[in-house]
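After this come two complexes, each holding chain A, first together with chain B and then together with chain C.
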Partner chain A sequence: MFAIAPVYWMLTISLKTEVEQFATPPPWFVFTPTLAHYYDAFITRGFGQYLLTSAIVAVISTAGALVIGTLAAYALARFELPFRLNRRLSLWILSTRMFPAIVTAVPLFLMMRDLRLLNTRVALILIYTAFNLPFVVWMMRGFFADLPRDLEEAALVDGDSRLGALLRVVLPLVAPGLAATAVFCLIVSWNEFLFALVLTQTEAAMTLPVGIAGRVTQYEIKWGVMSAAASVAIVPILVFALALQKYLVRGLSMGAVKG
Partner chain B sequence: MSKSRRFFSAPNRRELLLPLLFIAPAVAVLLTLSIYPLIYSVTISLQRDTASGTIWGLGNFTRLFTDNFFWTAMAHTFVYAIAALTCEFLLGLGLALLLNAQIRGRGFFRASLLVPMMLPPVVVGVVWRLMLNPDFGAINGTLKWFGISTENLTWTASPRLAMLSVIAVDVWQWTPFVFLVLLAGLQAIPQEPYEAALIDGSSRWQTFWHVTLPLLKPSILIVLLLRTMDLLRVFDQIFILTEGGPGFATETISLYIYRTAFRFFDFGYAAAMSFVLLALTNIISAIYIKFLQAPEAT
Partner chain C sequence: MGIEFRNVTKSFGDTKVVDSLSLEIRDGEFVVLLGPSGCGKTTTLRMLAGLESVTSGDITVNRERINDVPTQHRDLAMVFQSYALYPHMTIAENIGYPLRVRKVNQVERAERVQRVAAMLEIESLLERKPRQLSGGERQRVALARAIVREPRAYLMDEPLSNLDARLRVQMRGELKRLQHQLGTTTIYVTHDQAEAMTLASRVAVMKKGRLQQFETPLNIYNHPANRFVAEFVGSPSMNFIDGEISAGTFVSEALRMAVNTEVAGQVTMGIRPEHIEVLTSPQDGAIAASVYVTELMGNETFVFLTVGPHRLIARAPADFRAEVESKVWLRLTSEKVHYFDCKTEEILTQRRSDAT
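Let's look at the complex of A and B:
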């Protein structure tokens, strides 16, 4: 209860009239609901545009990270590479995820400026793809390693190519893991704030978190509008959280706890 | 030489082509968007723009020693990280031990615990700006309802309470994570050592200290490692809650780097500071990993 009460409080604020927002004692349960703030935020104030940008960036970067990461994970899990490359590459890939974001924010901003990619979705898609990649590799490598080799070998004997075996035999078997990994990437991209803040300043390119933050730090704050936008921002998260609680802790600790 | 001959020998070459093709895109992406930026950042940090052109040198790094703002931001970062980590760990461990045995039919309970850590940090900021708002926030509103004076409780706007507020928000958001990881760790411990301890007549405290803690050590270290890394680089929530203020009261190192780079456009100095942060996180994670790999000494 303690965990979700504050979120509930925000939901009520988004549904209250401005008079009731300021009432004392605060009405936790009994108030007259209104959708005016939602209309205000998404129809008149352009939060709809931010929402669209967030969704496009999250989906494309997730797809990119999944394709590139799954291929690499499969190779790392299934082939013996020379020079102990399996282990070394895996650790190197993981280490790229360990940098604090602010460390790469400065050079990436300058790179994107030189490439004239500031205020574009492309910049965010590229960066989020790279950001999610280590996670995909580690999660999927674990799922592939858990899978017995017999089925693939059978497919290879039947004359399938390696890629064919991967697509037709292996991927369907790891589909639940793949879905869980995808959801994590979606959430990370959806929630990401620092890079989006640094790289997008125009209305057209802003993601939802940046749009919300821009309103919070202004002098006069429209609390109802803010809460409405923030409430919409958590809907996909809530849906996903309920859908795959089983995988969640493992994902958040990158499968490390399992050993 | 022998190594490279083996690498390029005919039967191996065909076997190797495919995995290398599979791995190449991932390596390429990470080289361009993770490694190259780091190297680029080194060159930025070594440059200083002056009236007479760009000067190369260690000026940005020597400036760190005399910059009081930098050291204050460092101190804030450590206060924040240590306080939040301690609270999250003790609360998380306590809850995990308490609820380990009697936690069945917990679908909704567990799902609701997952909510805070999944939220976009920006939304966490908004939620707590609302909760802590002195005029209409639920915290002060509820306190008033109990007849407690809230005149001085301006939370994020008060220099004294701002740090406490941002720490409390992080504890709210991440204690459930610590709890869930430790609970998973506890539930993976087999029954036998407990039975043995029981036969030996150990007290509950001895059992906890000599059986539970050592067996839980990997989970503990991993959760502490992950939280420490996140806490040292904290940016989003504080940016929304206080923007590092009031004044400089909650400015952490990431916020100071952000301000230096994107408000004052001093990219060189920002890059230099970010390397200090990078070195710091690397050293601390190396220490954790060393402990993690150390042989179990029970």
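Let's look at the complex of A and C:
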């Protein structure tokens, strides 16, 4: 009820005329639906552009974090590093997730300014990749650790290289975990607001959350447009999660029981 | 292909898991590493496979030092205790995997997989996934995966220990036959002395990381180098009695017996169950004993005996009958008696090598 109600409210707002949006009591179920706000958001205003930016940034940063994080996690899970570095490195990586993101906002803003990356997608991709990395490393490290070593050893003895064994034997077996991790990263990147707000001010580089929030202005709040855009924003994540649902459940419960 | 371990030591921290092991394995030999769990036999195998680093010493294959050669370039095949079949691949893909990573083309790969599958009678399983197979079938697939690429040697880590007793005996025979057919050097790790005796051309008995004896199964059985080997090999186990020999007589509590040996002093006497004859009437020089319990095995009877404080096991014919606590007399085949040093547990009797 608490989870669904706001979504329902948002969906209905996006379909109501402005008069009906503010009627008291609100027309809960019966109203005259209109797509005017959707037209307004995506045709008249630049929400299509925001959507594209969000998609590019989210997909590339998720892919980047998965590639780098998976390799790092595999190394941490399997190789014996000196000075108990396995544990220390892991904790250090985790600790980067512990401070509030806002602390890094100003330093990152200055860095990106000096690198001339303000108002670019590259800046957001880099930051989202970095912020997703610890999560990927920790999730994947757990999945790798649960996998019996025998299989990789068999692959090595069979003549495969480390990387080959990882690609052909290990990754297919942790695919459910990989899928679950990917969904989380995608959601985080897709919904991220703070850095996107700080680092992008131009239409071309703005992501959807920033774009939506931007409709709250000094003079008026465009509830209809915001709701329309937000409703559309839900769709890709929903589709992706549904497509991976089969894996998600297995991934989330992976390691819970020995199988 | 000859394999040699030269003073190989493996330490984890301060503990030496394998302690200056030297072994020379000849081309085409079937060598079994035998020992209780924790004796370093699996570590030895894993060092040869390159899955564990060598702390000191050299391992050579065909006189070429392989300590630093990565696993994938050693061209050895290994059968794991867990079989380690790739769960996401079909049986055909599993068997073909070593060929795939060697970039063997698809046609030849399919052909070789087919040939090996036929040899191991698993052709009907090729399209299935490992989880749909029984233990015995998985075992065959693991073997097929090892055989398909014709490696320089096979390494087997307790490959039969996950099978039920009947299947184990059957696969044991097939393994021996297969090795004979292929003629490839095989190193096989087990804690099951029966497997070691039946499979090996030579057995290396290990204890706490140290090699105890490396000889043919027959020599290991008949001429154990020390008390550990004597006790570990053979089922039921050899009997041991501590005592003293002086003036041609072995004396222990509740037991006196004339012996014909040059050994003297404090010793441990060892005798195998089949070298104790159980008599139901007194006889000159026989040792008085009482029956603790008898176990009829079908083809023979194990007689558990007490002689004063000592407990002994003897093998008797299947038709041997004796009540619990009844009195019997024992005659020991004196030339089959072994004497071990009480403290070092090394053999004291003169060693002879049986013709093999």
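What we mean here is this: the second predicted complex is superposed on the first by the 234 of 259 C-alpha atoms of A that agree within 3 Å, B and C clash if a C-alpha of one lies under 4 Å from a C-alpha of the other, contacts with A are read in each partner's own complex, and residues count from 1 in each chain.
The working rule: a contact is a pair of C-beta atoms (placed from the backbone, for glycine too) under 8 Å apart; a residue touches a chain by one contact, two chains touch by 3 or more.
Since this is a predicted model, take the numbers as computed values, not measurements.
*Asks:* Chain A superposed: clash or fit between chain B and chain C?
*Replies:* Result for chain B and chain C: fit.
*Asks:* Which of the two partners, first being chain B and second being chain C, lies in contact with A:106: first, second, both, or neither?
*Replies:* In the superposition, A:106 contacts chain B only.
*Asks:* Let me test your reading of the model: by the given contact rule, A:172 touches which partner, first (chain B), second (chain C), both or neither?
*Replies:* second
*Asks:* Does chain A have more residues touched by chain B or by chain C?
*Replies:* B
*Asks:* If we overlay the two complexes on their shared chain A, which of chain B and chain C does A:83 touch? Say first, second, both or neither.
*Replies:* The answer is first: A:83 touches chain B but not chain C.
*Asks:* Taking the superposition as given, does A:98 touch the first partner, chain B, the second, chain C, both, or neither?
*Replies:* first
*Asks:* For A:157, select first, second, both or neither according to whether it touches chain B, chain C, the two together, or no partner.
*Replies:* In the superposition, A:157 touches chain C alone.
*Asks:* Regarding the shared-chain residue A:69, is it in contact with chain B (first), chain C (second), both, or neither?
*Replies:* A:69: touches chain B, not chain C.
*Asks:* May I ask you to decide whether A:148 touches chain B, chain C, both, or neither, giving the answer as first, second, both or neither?
*Replies:* In the superposition, A:148 touches chain C alone.
*Asks:* Quote the smallest CA-to-CA distance from chain B to chain C in the superposed model, rounded to whole Å.
*Replies:* Minimum over all C-alpha pairs of chain B and chain C: 6 Å.
*Asks:* For chain A, which residues count as touching chain B in their complex?
*Replies:* Answer in residue numbers: 1-7, 9-10, 13, 21-26, 28, 68-69, 71-72, 74-76, 78-79, 81-83, 89, 93, 96, 98-111, 126-127, 129-130, 133-134, 137, 162, 187, 190-191, 193-194, 197-198, 208-210, 212-213, 216-217, 223, 226-227, 230, 233-234, 237-238, 240-242, 245, 248-249, 252-253, 256-257, 259.
*Asks:* Enumerate the contact residues on chain C facing chain A in the complex.
*Replies:* Touching chain A: residues 49-51, 70-78, 80, 82, 84, 86-88, 97-98, 101-102, 145, 149, 155 of chain C.
*Asks:* Could you please specify the touching residues of chain B with respect to chain A in the complex?
*Replies:* Contact set of chain B toward chain A: 3, 6-7, 12, 15-16, 18-20, 22-23, 25-27, 29-30, 32-38, 40-41, 44, 107, 110-123, 125-131, 133, 135-138, 141-142, 144-145, 172, 176-177, 180-181, 184-185, 218-219, 222-223, 226, 229, 232-233, 235-236, 239-240, 243, 254, 257-258, 261-262, 267, 270-271, 274-275, 277-278, 281-282, 285.
*Asks:* Mind listing the chain A positions that touch chain C in their complex?
*Replies:* 148, 150-151, 153-161, 164, 168-169, 172-173
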